[in-house]
Amino acid sequence: MSGLTREDVTGMILSAKRQAGFTWEGIAEKIGMSPVWTHSAAMGMNAMSQDKASAITEILGLPQEAALILQESPTKIWEQTVPTDPCIYRLYEIVGVYGPTIKALIHEKFGDGIMSAIDFDMSVTRVENPKGDRVKIEMSGKYLAYNAW
Amino acid sequence: MSGLTREDVTGMILSAKRQAGFTWEGIAEKIGMSPVWTHSAAMGMNAMSQDKASAITEILGLPQEAALILQESPTKIWEQTVPTDPCIYRLYEIVGVYGPTIKALIHEKFGDGIMSAIDFDMSVTRVENPKGDRVKIEMSGKYLAYNAW
Amino acid sequence: MSGLTREDVTGMILSAKRQAGFTWEGIAEKIGMSPVWTHSAAMGMNAMSQDKASAITEILGLPQEAALILQESPTKIWEQTVPTDPCIYRLYEIVGVYGPTIKALIHEKFGDGIMSAIDFDMSVTRVENPKGDRVKIEMSGKYLAYNAW
Amino acid sequence: MSGLTREDVTGMILSAKRQAGFTWEGIAEKIGMSPVWTHSAAMGMNAMSQDKASAITEILGLPQEAALILQESPTKIWEQTVPTDPCIYRLYEIVGVYGPTIKALIHEKFGDGIMSAIDFDMSVTRVENPKGDRVKIEMSGKYLAYNAW
Amino acid sequence: MSGLTREDVTGMILSAKRQAGFTWEGIAEKIGMSPVWTHSAAMGMNAMSQDKASAITEILGLPQEAALILQESPTKIWEQTVPTDPCIYRLYEIVGVYGPTIKALIHEKFGDGIMSAIDFDMSVTRVENPKGDRVKIEMSGKYLAYNAW
Amino acid sequence: MSGLTREDVTGMILSAKRQAGFTWEGIAEKIGMSPVWTHSAAMGMNAMSQDKASAITEILGLPQEAALILQESPTKIWEQTVPTDPCIYRLYEIVGVYGPTIKALIHEKFGDGIMSAIDFDMSVTRVENPKGDRVKIEMSGKYLAYNAW
Amino acid sequence: MSGLTREDVTGMILSAKRQAGFTWEGIAEKIGMSPVWTHSAAMGMNAMSQDKASAITEILGLPQEAALILQESPTKIWEQTVPTDPCIYRLYEIVGVYGPTIKALIHEKFGDGIMSAIDFDMSVTRVENPKGDRVKIEMSGKYLAYNAW
Amino acid sequence: MSGLTREDVTGMILSAKRQAGFTWEGIAEKIGMSPVWTHSAAMGMNAMSQDKASAITEILGLPQEAALILQESPTKIWEQTVPTDPCIYRLYEIVGVYGPTIKALIHEKFGDGIMSAIDFDMSVTRVENPKGDRVKIEMSGKYLAYNAW
Amino acid sequence: MSGLTREDVTGMILSAKRQAGFTWEGIAEKIGMSPVWTHSAAMGMNAMSQDKASAITEILGLPQEAALILQESPTKIWEQTVPTDPCIYRLYEIVGVYGPTIKALIHEKFGDGIMSAIDFDMSVTRVENPKGDRVKIEMSGKYLAYNAW
Amino acid sequence: MSGLTREDVTGMILSAKRQAGFTWEGIAEKIGMSPVWTHSAAMGMNAMSQDKASAITEILGLPQEAALILQESPTKIWEQTVPTDPCIYRLYEIVGVYGPTIKALIHEKFGDGIMSAIDFDMSVTRVENPKGDRVKIEMSGKYLAYNAW
């Protein structure tokens, strides 16, 4: 009675992508956005603008209602406080080991504040290397200074 | 009776750095290493080689025993499963929101595997921007493919 | 050997305030800041500028080293995931009950984004009321829109 | 056999609102209540009086049974001890950072007691600002003094 | 340098009580308060008025500074989310088993609201019974109705 | 294939009660038991004797099988270690704040032992009061002395 | 200033026992109690009567004050929700695996109720067996029937 | 498509037992095993041999496939780290209070090792007692000595 | 609409294996891989190459789509932070007891680094022994040295 | 007053080993035991026999009392439910990923039972490999069959 849910739309996207043989990079290019943002928005971790939602809906052959849902502000939930998947856990471990270091260097370079996770972007690239190719992750977030009043 | 501990050495480094008015970038340059690694090793999250341990000990005027301890393999412990400091929490949040996306893109670009957090390096830089300067974090880790046997 | 710690300074401030019979409102007025920010910085949850650190050090008769520590970027740690003190728990309960509502209204009024807890200020006031005086808490944080890239 | 549940009614309200293109502010105005309370009661975090339940049922075209359920005292449950959604987490962070400060100022201004979260109201408004508009949250709760006996 | 702490005062009270051979009931009677409140305030779970703090300080031969600390608003902390002591656990179990029942009956008798734990009092008495004496606990808290606005 | 479950019976009772317009007090009176016990047993937190199970089944028009299930020893499970509902949380808070006090007074009045939560009864009543009516909760449990052997 | 603590007394007992070369069985016999109860009371998990406290104090050469502390009602605290020591964990595992079975058989043999952990005793014995000797643990607790009222 | 599950078989056993009016003791006798083991295996906490699985399947009129499932090695899972049911919690409490004592006595009587929870058996019996009948639980597990190599 | 899931494929494999009377060792031999890897990949803890996925699909008579899913990179999730099944718990216990020892010996033999869990293989074998057969687990992982930069 | 503790002895061993420039392998050889067992017993995770305790005490120049403590049955405690150190975490991850596989293969090869973690031994060796040396861990534990009774 209440129509599609976010989970339905996520399932449809994954299924249509598998059947069409698309990659995230390919889909991202088609809608003119980065692969990181595109995957994230498709999985319900970011909201799409009207035109991006229409574009992805058309490309993957989803119903009209899906475009509406892709524009809503999602409630971002992750179930595992500590992720068990080894690929994601390594990122968690990096935060544990290097978090205080990143904090110290932000304070040294900028002052008392943080890197925003909202006004934020990221890329993941493959870097060739004779000793074994490397994953390169680049994050950029606006510096936000603590307010004093 | 059992001499200095890791905690003692960390405290001595922070105190000597404050009194000398050094920065992490400055100390890193003096010992010929990156600021991220230097801070991390000084805080007991990485082990130093003999020459780096001697160099930092000399620069900061620490006792000989400190150089020995800085060369030991530390047991890396963080107390808070979810970090409360806002600057570090934002990094945890990024893992929660974008972790599955990074995983999906690594699989798309490399195959079934992960980015190593051991054969790994990182930098933190300040990027000028008219709308507000940005923190740039670059991580690079060797791709490790899952073994099948 | 490593001088004063944050905890020492916090203890000194509380002790000096008690002996001098000061209030937080009084101290705040003397250093020209709000009571919320002043208490928070004194307790190690915010960093002071040089002049505010000097001012409070002088007013309360603290040693010079205290002023240096009050200017450092503190690592903000709270031990209890769910606070047990009834006065603080009620605030946690408000977040549990009304958090999704605040989120929905921010999205309705602004779009997909959040209220910053960094570019942020707050006041606590007493409002007279014949049925019983009321506590008024006013928070103001910059709206931050999610980036798409 | 046991008729509608709270979850059914919440789903119906969200679906009807989306189809009718209503806003929470619009619905709130129609039933003569504030947007915060209206959203909260519609989501099952507050009970409605008979006339408000009838009004919202009529406006959104819900079945009669829905009005009965909206009048029942809901059991207020939130699943995540620490909320992961960034918009809601920032509120949790504010409680962690400023909770002890709010407590100290309530005690200074009122005596030993708390701000009620039951005899309580709240508003969320948009404040224009040349440096970026701000979210303003105002809470008001009755002061309750600890009893001694 | 910062004088007595709450913990010091609690320890002094317990020690002085043991040496003097007092009971909580006896101390309560001497200061004109109930045994429940008296024990609770002596253990740092409630604040004393000036005259009660002076009275107990005098009776137990504590230093002047103790009276000041007994008047401060304590931060109420319990370490164990689920208490292990069998005597206290049984109370926790009663909340688990009968909590929803108490809620249902409050709603039936009063409407949508709660029993205050702040405007609250309690007694513990021994009731003789041929099948074995019984512990009687009586709690009374002001009914607080949820506000709608 | 395996017939009704406890959850089915609980749902049927709530639904039948709502349709019949009964109160818990009314049902309790009809089966000659207290409202606390009646609600608790109906919700699956206590087992009924054969005659009480038959009585409530008849009054609410439930199927025969329901009476059998109401006589079984339920496994008492509560999902939330710390309850979030404000009405139930206040009871948890009372255990946290006053639990050690109740323990101390039981020891003072009885010796080393506890109040039973099994050989136990409870009532909830409304007490009129010009400053606002009060909820009165009375618990009575048999004193059990620790055995030494 | 506040004299001996429970922890002091526990430490003294362990030290004196080691120096005297006593066993728990030997100490238990000397004070005329069982080894289980004796160890448990010596470790602060049970209170001693005056004569047993005097006896053990004399046997082990402890100061007078220790006898007083051994008579106080201890607050029973265990730090690990799930014990890590393999010998103790196996007992926890038995509760996990066989707990529902014990419950089912108690209900079958007695009715709706529990085995008391207060009016309770236990023994640990060695049983010779050609396939390897066995540990035998016997527990006996009074059956307590749930009250209905 | 994948046939019966463990949960299905458990449900069938409970239902058939209720309809047949059997007791666990009765079923156990019919298959020639102890009541503790029989209940435990029927609930999926132990695997049955082929003949016991056939016997119980025949007695209770279960389908053939059930006998196969009852022979598989179950994965033993309990959801609640700390059990809430009062009857099972008391066993958990006994482990908390007496676990270190059992460990100490095993070490005193056997040496450095544990009681096996695998090569293990248990009985639950009713012991008549004029002061109230008692539950007797007897556990026997093979002593396993720690290996040194 | 979105076809088979991982869970479906896992269920099909277990069911087909049971009906065919295969063992893991047998299936592993048929597809030319080790039993550990084969079980792990079949349960969704490792991804298969195209030919292995085709082989197992054919052997067990699974639909074509299953082969596609078996090739996808699974998200490795385990629900229980501490496993309750005794067979798996013992492995967890070994990590708790011997983890620091393994770490110390790796550091002694290799330097500052770890054993990879990605470039990793394992076998489980039965070793005959007159005192009782033994389970032998052999793990081999590439040594990864911490990077310094 | 109560002499040395386990922690004291552990600290002494680590300090003496560092000063003497010993390795674990060297110490193990001197006392005629394996390196894994030697490190584990030295760190308080296993008890030593009298001769091994005397040997290690003599080799490292520890006081006589240390030998007594090394012979006591230690209570094995690890603080972190999920270890954060990357070297130890990888072992935890292996249990999470491969635990159910090890269980399935044990059942296939032996029947319903487990690998003992008590009658257990382990080795850690370095295996040369042109693609990078490998860590080899071999565990061997006695198979224990579940008892049926």
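The letters A, B, C, D, E, F, G, H, I and J name the chains in turn, as written, and every chain counts its residues from 1.
The rule is short, and it goes like this: a contact is a pair of C-beta atoms (placed from the backbone, for glycine too) under 8 Å apart; a residue touches a chain by one contact, two chains touch by 3 or more.
Everything numeric in this text was worked out from a predicted model, so none of it was measured.
The chains in contact with subunit F as well as with subunit H are E, G.
Of all chains, the one whose mean C-alpha position sits at the greatest distance from that of subunit J is D.
Chain pair H-I has a twin interface among G-H, F-H or C-D; that twin, with over half of the contact pairs alike by residue number, is F-H. Seen from the C-alpha centroid of subunit E, the farthest chain centroid is that of I.
Annotation: the subunit G:subunit H pair of sequence copies touches via predominantly the same residues, more than half of the used numbers being shared. If you average the CA atoms of subunit E and of subunit H, the two centres end up 43 Å from each other. One finds 32 Å separating the Cα centroids of subunit H and subunit J. Centroids of subunit G and subunit J (each the mean of its C-alpha atoms) stand 30 Å apart. The set of subunit C residues that touch two or more partner chains comprises 36, 75-76, 78, 81-82, 84-86, 88, 93, 96-97, 100, 103, 107, 113-114, 116-118, 120.
Pairs of chains that satisfy the touch definition comprise A-B, A-C, A-D, A-I, A-J, B-C, B-D, B-I, B-J, C-D, C-E, C-F, D-E, D-F, E-F, E-G, E-H, F-G, F-H, G-H, G-I, G-J, H-I, H-J, I-J. Listing the residues of subunit B that touch subunit D in their complex gives 82, 84, 86, 89, 93, 96-97.
Within the complex formed with subunit I, the subunit H residues making contact are 1-3, 68, 75-78, 81, 117-118. Of all residues in subunit D, those touching subunit E in their complex are 33-34, 36-37, 41, 46-49, 52, 73, 75, 100, 103, 107, 111-114, 116, 118-121, 144-149.
Residues 23-25, 35-36, 39-40, 43, 45, 76, 78, 81-83, 85-88, 90-110, 113-117, 119-120, 122, 124-127, 129, 131-143 of subunit D are the ones touching subunit C in the complex. Contact residues on subunit B toward subunit C in their complex (touch as defined above): 11-12, 14-15, 18, 80, 82, 84-86, 88.
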